């Protein structure tokens, strides 16, 4: 338990946070890395997945292909990428050493949850609602934008949320190629048996993950105000009473 | 070190020796066949065991989260928190209890899979149409039966989507098992990275992908078989 | 409302002071007192949005009332395990709510299986019920719900609720989406079933004809979940409690009574002196006025002979029909509020 | 389940050839997973199998992991004198504890005696073969800057590619800046004797790289080792670490392993390492060849 | 069927040899020939599962026919961009299909917005339509669909389809879930709208009364998507094409005609000699027989005076009503198949 006390001391020592290589800087670097990778994955994955969901086909293949990128362990992918001529190990602006390689590895890592959720979300929009939209003369794009997207949004956002948290946690891998981020603190700590330091790094990563999670949840709620009860709404008309139904069913235990 | 050159010449370096170090090398596949097969088998076994264990843990968590909405953000938070624990910290933490065994890896990976699985289960259950749920309750379905006979089947498309992501992730993550000697293909990958053994690195990575694609196809086929009613729903 | 009558046995379902206010403040049901007798078929009718579905769902606790007390068989439902409660109550949901992941036959088998019936017994029962609702098992058993038309889906929903043979049935517009021929078939089948088995039924409908035809008594709701009238069909048609009810029952409510009023020998004219050419087919004295008129039109004759068994008792003319209708209306008005025999009994 | 097979465990291919002595029970060997450790572990494996033990070998990523179950579930570990003593010292006395190891193996073991007995670990005889940290530069750099020892780098500014734990350590960055007066401007944590480290030095991103004295690959890559002329490296002689309880129950293990230690030299080890990392023979094959040559089996 | 008439303008919708066989081999519609005239309201009725919804969906290409050809305004629909095609066609889906994520008002505004209407215009129009379908915007505008009763949801669906003011309307059981009072209100509103704007409407209903009341012509489908009869309401009731149709229209079909048959002066009796006590309120000569009977019953009188403007033209007794009905039936039978004036025209 000594270790925990030491971890606390490590975390509360201002010097560990400040300056070049301080945890604050490393944290910001890692945030930048994560958010860039996530943005890239979303920019690539969302349009493709939602379009396929809208068409109602091709999802299997898209998900399967995107899975390929994630099936290779990220560190192996990174190792493969840094040996290549491009993107290689060259420093890429604020993303540091092997920045491009790291970004590519993290982007590939973020794609599957984004693509999978977005595809399924759009596909699962109830048939009668879809048909009503078609019947009133919506173009494919209008049906998508006005009906499918809003109904799918919660699940789509949930995929992005998941990817965000996972990318953030995985971005520590940049330490393996001497890139930026809190991974350094963690590896340094654990490899030198300086557990308080390693744990401190891990704790910061976990805390930031939770904060990101919280922010994402808030954003999701903003994008999707509570009365809508989207998920239940997607099921059909009875959401309100359906909820009550559950409450009523609850007391009898299982 | 001077010994090196004669050895190399005498042995007529194979395509995977460090001097040639080709990416694709049939010789390597032949020489290390049993090692590769063993690693692949171990990888598959650990992955499947971990995903199954993950499902077994995630399911009750999702149920609790759904029943007690106030707890749900905590449960999701915990699963997220676990995911951020570096394997470097998690595995040594487990070793005193489970030893240097595959069990350690399976437990660790199952815990990592929770983030994806709990979420998708929760979302899947929420996606069940309310009129269907209401009619089931009205017909006298108890909570358990409602769950098993109605909600789970209808939640399958979303749950299976989560399972697909969790499974490929686990295929990739299994490699961190090399930390405690049970990394399946990860042992080869780690070694390949460390010693710049290209044939080994590439072969193991390709096998990882193949395993992931294979498992993914198995899941999709299983889903098709389990959800025959979804065929042709779209006009 | 003293229509609750002097039944010596306790009512099967009793609502006292039941109210439901939704979260947003909408008062769906307001201080409702209602009793359903054992073996009775009660129809709930009322304008769209008046709280019929809400009332029904409160009975099997799909919705918890905000105020009041609901008893089934003398037991407060809130004290009962809801699952067990619902096992004794069949339920047809307005939105149909078939299980999209199960084939039609499996949907219908659901409830018997739930009650521990063997698969083969459940399957036989399900096939039987599919036949009853007019869906040939050979064609429909293996389809999924999305492969059925709207009316077919609704019928599967009815079959599913009947499959368990529960003593109490709640049905929310069970025949709303089917055509008149099938509907009458279903109504008849259902009435027989109910008479044979003595089920207690609460049936929501917006079709006043259906209510009059099927109900032992009819409860008319006004908007806001107020009970406007609770009476036998004949009383309801003859003597609407207020303007709202008479509007709702419709200006042609007198004519509706044709279907539920029996021929009255007092309004027959003697057979003597009738030109035989003016007489078409004869009808039984038990027939309704509507049937008598239908025969006259079908035969294109100005009158119809009425028989009691093999004996001719007189002829009925349109004027006679009209007189009988007026008499029946006057009679109802006369014994205002007195619980008379149900319209259905007279119609059968 | 535990029946999952470990690719690297199991006995060497040749063990079916010679007859083992009577079955002496199980011995659990663990160690770190890099080529030299694989090689030495394979030697332990074969020797102990031949001695009649039922062996299993688990090679893990870091000392941390097996030290959690050693002694206990693990009986024997191929260790390095400085490595295990430093580990015990820092875990028992904190990260900033004063180092107890020196460049003399026996003295280091003496100094760590209490730590070892506290843990229930016995170190057998250290081998003369030693594998300490070492530093290399590229051939080009060596000739253009005219360096062959670490002292030659005094005052020069270099970027160092090394293990993640290098910074501040006496046997690494700390010693280089302190004892040698080298201006280490940056430490790139690219790993110990890893390909990334080699590449970094070869590409000129860093000037100095960390490896081991027994690295068999340097010459073939155009890299040269610099002499540790001020002896900042603690003794890292190979040494078998054995659970004291296990040793008491199986005293014959000491003789078997000590024999191996006596047969190994730094040169031999370097050559064998080369066969594993350059020719990419399997550690088990190389171990078997060596043991046969040395007459140990 | 030569009921297609001698219209000099091309039909608005023409189906020729249209068939639909679903993937599992179910023949939903078989070789269907059907024409809908410009400005006409055609009702499709038929037993549950006879292919009405399928037919409707083929017209706006939600379902592609397996055989045959569908033209709208002379244009083959398969040659048209489905989106543009549907823009000209309002559609009320049988399952209602409201957008669960939008409030009621937004649901109704959807289509005008889709067509590029400004928000404020769309909002005004939506409020107007909500009023029209009997949903007070103040109460309902901001609710989500799941907070509405079944009938309320259906009415929102109708308002949504009307909002765009399309020249062609396809409505699949649009009033199936609402009570008779609201339904009659909606039917009337809708008929006015259609007469004022001359829309071409195809309306699916299983309610034969609704079909007779609303349709200029009625197409009766038999199971398997066969067209059994295509005629004006009067002809349909008077002279069913075959046993299937007569069964479907019902044994009381003669009485149904009460609602669509006007008083015929020929069947009036002279005013002279009538005891004034026997006369209740007077009705107009344009009224239907049903209305006449209703007045007699309401007033509890054996006859009713009939006025033409201010002038009394005679009295009508139940026997007179019956005679008029018989005459009207005979007349239809006489001019078999001749396209007479629609039942609705007579009823208005």
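Per-chain residue numbering starts at 1, and chain names A, B, C, D and E are given in the order in which the chains are listed.
One rule holds for everything that comes next: contacts are C-beta pairs under 8 Å (C-beta built on N, C-alpha and C of every residue); 3 or more make two chains touch, one makes a residue touch a chain.
By chain, UniProt protein names: A, B = Osmoprotectant transport system permease protein; C, E = ABC-type quaternary amine transporter.
Just so we're clear, the structure is a prediction, and the values are computed from it rather than from any experiment.
Considering the contact criterion stated above, the chains in touch with chain B and with chain D alike are A. For chain pairs A-E and B-C, the one joined by more C-beta pairs in contact is A-E. Distance between Cα centroids is largest for the pairing of chain E with D. For chain C, the chain whose average C-alpha position is most distant is D.
Here the spacing of chain D and chain E, counted between their Cα centres, is 92 Å. One finds 17 Å separating the Cα centroids of chain A and chain B. Note: centroid distance chain A to chain D, computed from Cα atoms, is 40 Å. Centre-to-centre spacing of chain C and chain D amounts to 89 Å, using the average Cα coordinate of each chain. Among the residues of chain D, those touching two or more other chains are numbered 62, 64, 195. Across the assembly, chain A contributes 79, 126-127, 131, 187, 190, 232, 234-242, 245, 248-249, 252 as residues in contact with two or more other chains. Residue positions of chain E touching 2 or more other chains: 57, 62, 95, 146-148.
On chain A, the positions that touch chain D within their shared complex are 79, 82-83, 89, 97, 175, 177-178, 184, 187-188, 190-194, 196-197. For chain D in complex with chain B, the residues that touch the partner chain are 1-2, 4-9, 30, 33-35, 58-62, 64-66, 68-69, 73-74, 191, 194-195, 198, 216-220, 270-271, 274-275, 277-280, 282. Residues of chain C touching chain B in their complex: 57, 60, 62, 83-84, 86-91, 93, 95-103, 110-111, 114, 144-147, 157, 160-161, 164, 170. Within the complex formed with chain E, the chain A residues making contact are 126, 128-129, 131-140, 142, 146-147, 150-151, 227-230, 232-242. Within the complex, the chain D residues that touch chain A are 62, 64, 87, 90-91, 95, 163-165, 167, 169, 188-190, 195-196, 199-200, 203, 205.
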